[in-house]
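Read through the structures below before going on.
First chain A sits with chain B, and in the next complex the same chain sits with chain C.
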Partner chain A sequence: MYNFLQRLSALTSFAMSTLMVLAILISVTTPLIPSSPTHAVTLRSVQTTTGRPVDPFDKTSRSAEYARLTFDVDADLSSMFNWNTKLLFAYITADYRAPGFETNRVVVWDRIIRNPRQAKLRLRKHHNKYSLRNYALTFEGVEAANLTLHINPVPYLGLMYDKSATSIPLSLPRAAGPAGQVGR
Partner chain B sequence: MDFLKPAFESGRIDFEGQNLASTLSTLLIACAGGVALAVGFALQRLDVCFYAYALCIVAAYAVVLPPWPFFRRHPLVWLPRKGRVYASTASSSSAQSRRTLVEDVSDDDSC
Partner chain C sequence: MDFMRQANKYGVRSLLLQGLTFLSVLTSAFMIWKGLSLFTNSESPVVVVLSGSMEPAYHRGDILFLHNGYSPIEVGEVVVYKLNDKPIPIVHRVMKVHTENETGKQYLLTKGDNNMADDRGLYNPGQLWIQRDEIIGRVKGFVPYAGMGTIWMNDYPQLKMGLLGTLCVLSLFSND
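Right, the complex of A and B next:
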């Protein structure tokens, strides 16, 4: 520390180390910040139909059973925004048990919420964004199904985590027409 | 690399001053971290946190980097000059023997 450049070097390296400690402290204390979000999902109706073939360009593909959901979402997620929140990722999944597979999860709807203004959700009669179809192309044997809303805060510094979820039961009725038919 | 010499030899401070500079720099930078965290969390803005940190570091530079007088309160006490040592050259053609300066133990003019 006997001359200007020595002091400059020593200060700068200690400042960089302290900056790293600061970043680690911020990322570690973020999950401890309390938040009080309110969320509710109400299911209005479920319609299942035998839909189009799974792959329209493959003649040997079979038509599958698709479920079309109509639901409402009421949520106020603005309290989940703290200084370290970059955005919130809200998504709705259908979880169920099927013969041969213990856990099945299909994401049927999602949304990116970028600021507290967009965080007040009031959705009425929304349909699922993504098709709800079982891996086995039919809902036969599917049980214990429920519809769950998850919120993922994405931080600026730190790890992502699944903060909260609200779950309602979902019944998947069988479709009228036969599923598993080749072609149309 | 001689053009770098003035840069490397500028801003010298004595040993007590170096101790003070070291303690002061550790204290100031640790406080900068604490202050930045507190200010950023109070305002709930991450960018303000890092701007405050940068500002505090610049303030720490201003306090520690220049050779302020309070870093030079305890200058080194050197022993008194012993004098110059000359050697006479034996093989000299001229009448006068030339003296060659071998060692000059004068003070180092640093600090």
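Right, the complex of A and C next:
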């Protein structure tokens, strides 16, 4: 009545549909798992310099103004790890308003956190990993600047749910004048 | 049931019926794909990761579900973009966003989590930023390693032809 192939196809189709239902259930419930991360970023100083040839592709990098931040990070994100967390992508952005450009967001630092042990961050006097410069050559007219720490949990399976579970607007990397040093 | 019995009696009719079933399966799959494409505003709403540049987040063979939508791109989002001259879509994270006031035009810079440098070396010569319309979609969902079959089929074309052949033969000769 039933041959081997029919049994095999019935079995695989049942297995596939079961797995799909499980996957959907896991995807939907994972964002609901509560967590209580703590986090704080403090800015120590901002220095601006002109013309660091950091980008071989960008010809304007010799004449552009770059900001070098020094900051501390204290965070305990270990509670954000649950059974469906592959890693946390933590990153700090600088966002500001500039003349002609309503929103500017630049990632200045990031870290991939792969287990709860690495999730306790205590960083002292770290600098930005990635260059911070304006789309224009200088930071002239830049206002409403913030430093924000974002956490993006990457699951083993499922939805990339709301990435900035945590964000603290902070201090202004305000630079002015022609290539001078600007303190806080 | 009567109809089925009759179709089995007349060989030509049953063959036609098989053909029709086969075509309806093909067209409905195509319709679902295009419907998803319309809904997500993305030319390919499901993609397979082809490179290791986003490791450890995404590995080769992972399936990503994309949603493009119409809203502006945010920094930190993982997006899939396709440059005008290059056929292969790339999955990377957005690192810089500058949005112009009047036009709402976005200047975006991307980077792979596993790469040391940003993507300016991958862009077209002289291109420093990518635009909103070069982005196919943002990654919203993720199934690990489920697309490994696609990668094998790409690497070994004989496998693809063999699989397609057996599928066609089976669909024609199955009595159902």
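Keep this in mind: the second predicted complex is superposed on the first by the 138 of 184 C-alpha atoms of A that agree within 3 Å, B and C clash if a C-alpha of one lies under 4 Å from a C-alpha of the other, contacts with A are read in each partner's own complex, and residues count from 1 in each chain.
The working rule: a residue touches a chain if its C-beta (ideal position, glycine included) is under 8 Å from a C-beta of that chain, and two chains touch if they have at least 3 such contacts.
Predicted model, so just to flag it, every value in this text is computed and none were measured.
Asks: Applying the touch criterion given at the start, work out whether A:Tyr156 contacts chain B, chain C, both or neither, answering first, second, both or neither.
Replies: A:Tyr156 contacts both chain B and chain C.
Asks: Could you figure out whether chain B or chain C reaches more residues of chain A?
Replies: C
Asks: After lining up the shared chain so the two structures overlap, which partner does A:Phe89 touch, if you call chain B first and chain C second: first, second, both or neither?
Replies: second
Asks: Output check: A:Asp58 vs chain B and chain C. Expected answer is one of first, second, both, neither. What do you get?
Replies: It touches chain C, and chain B stays clear.
Asks: Classify the contacts of A:Thr18 with the two partner chains as first (chain B alone), second (chain C alone), both, or neither.
Replies: Only chain B; A:Thr18 stays clear of chain C.
Asks: Of the two partner chains, chain B (first) and chain C (second), which one does A:Ala144 touch, if any: first, second, both, or neither?
Replies: neither
Asks: Quick one: classify A:Ile112 as touching chain B (first), chain C (second), both or neither.
Replies: Only chain C is touched by A:Ile112; chain B is not.
Asks: Answer with first, second, both or neither: which of chain B and chain C does A:Leu8 touch in the superposed model?
Replies: In the superposed model, A:Leu8 contacts chain B only, not chain C.
Asks: Kindly list the residues of chain A that each of chain B and chain C touches, one partner per complex.
Replies: 156-157
Asks: Looking at the complex, which residues from chain C come into contact with chain A?
Replies: Against chain A, the touching part of chain C is residues 56-57, 72, 74-78, 93, 95-101, 107, 113, 118, 120-121, 128, 139-144.
Asks: Taking the complex as given, what residues does chain A use to touch chain B?
Replies: Touch residues, chain A against chain B: 1-5, 7-8, 10-11, 14-15, 18-19, 21-22, 25-26, 82-84, 156-157.
Asks: Please output the residues of chain A touching chain C within their complex, sorted ascending.
Replies: Residues in contact with chain C: 23, 27, 55, 57-58, 86-87, 89, 91, 93, 95, 98, 100-107, 110, 112, 114, 130, 135, 150, 152, 154-160, 163-164.
Asks: What residues on chain B touch chain A, complex-wise?
Replies: 7-13, 18, 21-22, 25-26, 29-30, 32-33, 36-37, 40-41, 43-46, 49, 53, 57, 60-61, 64-67
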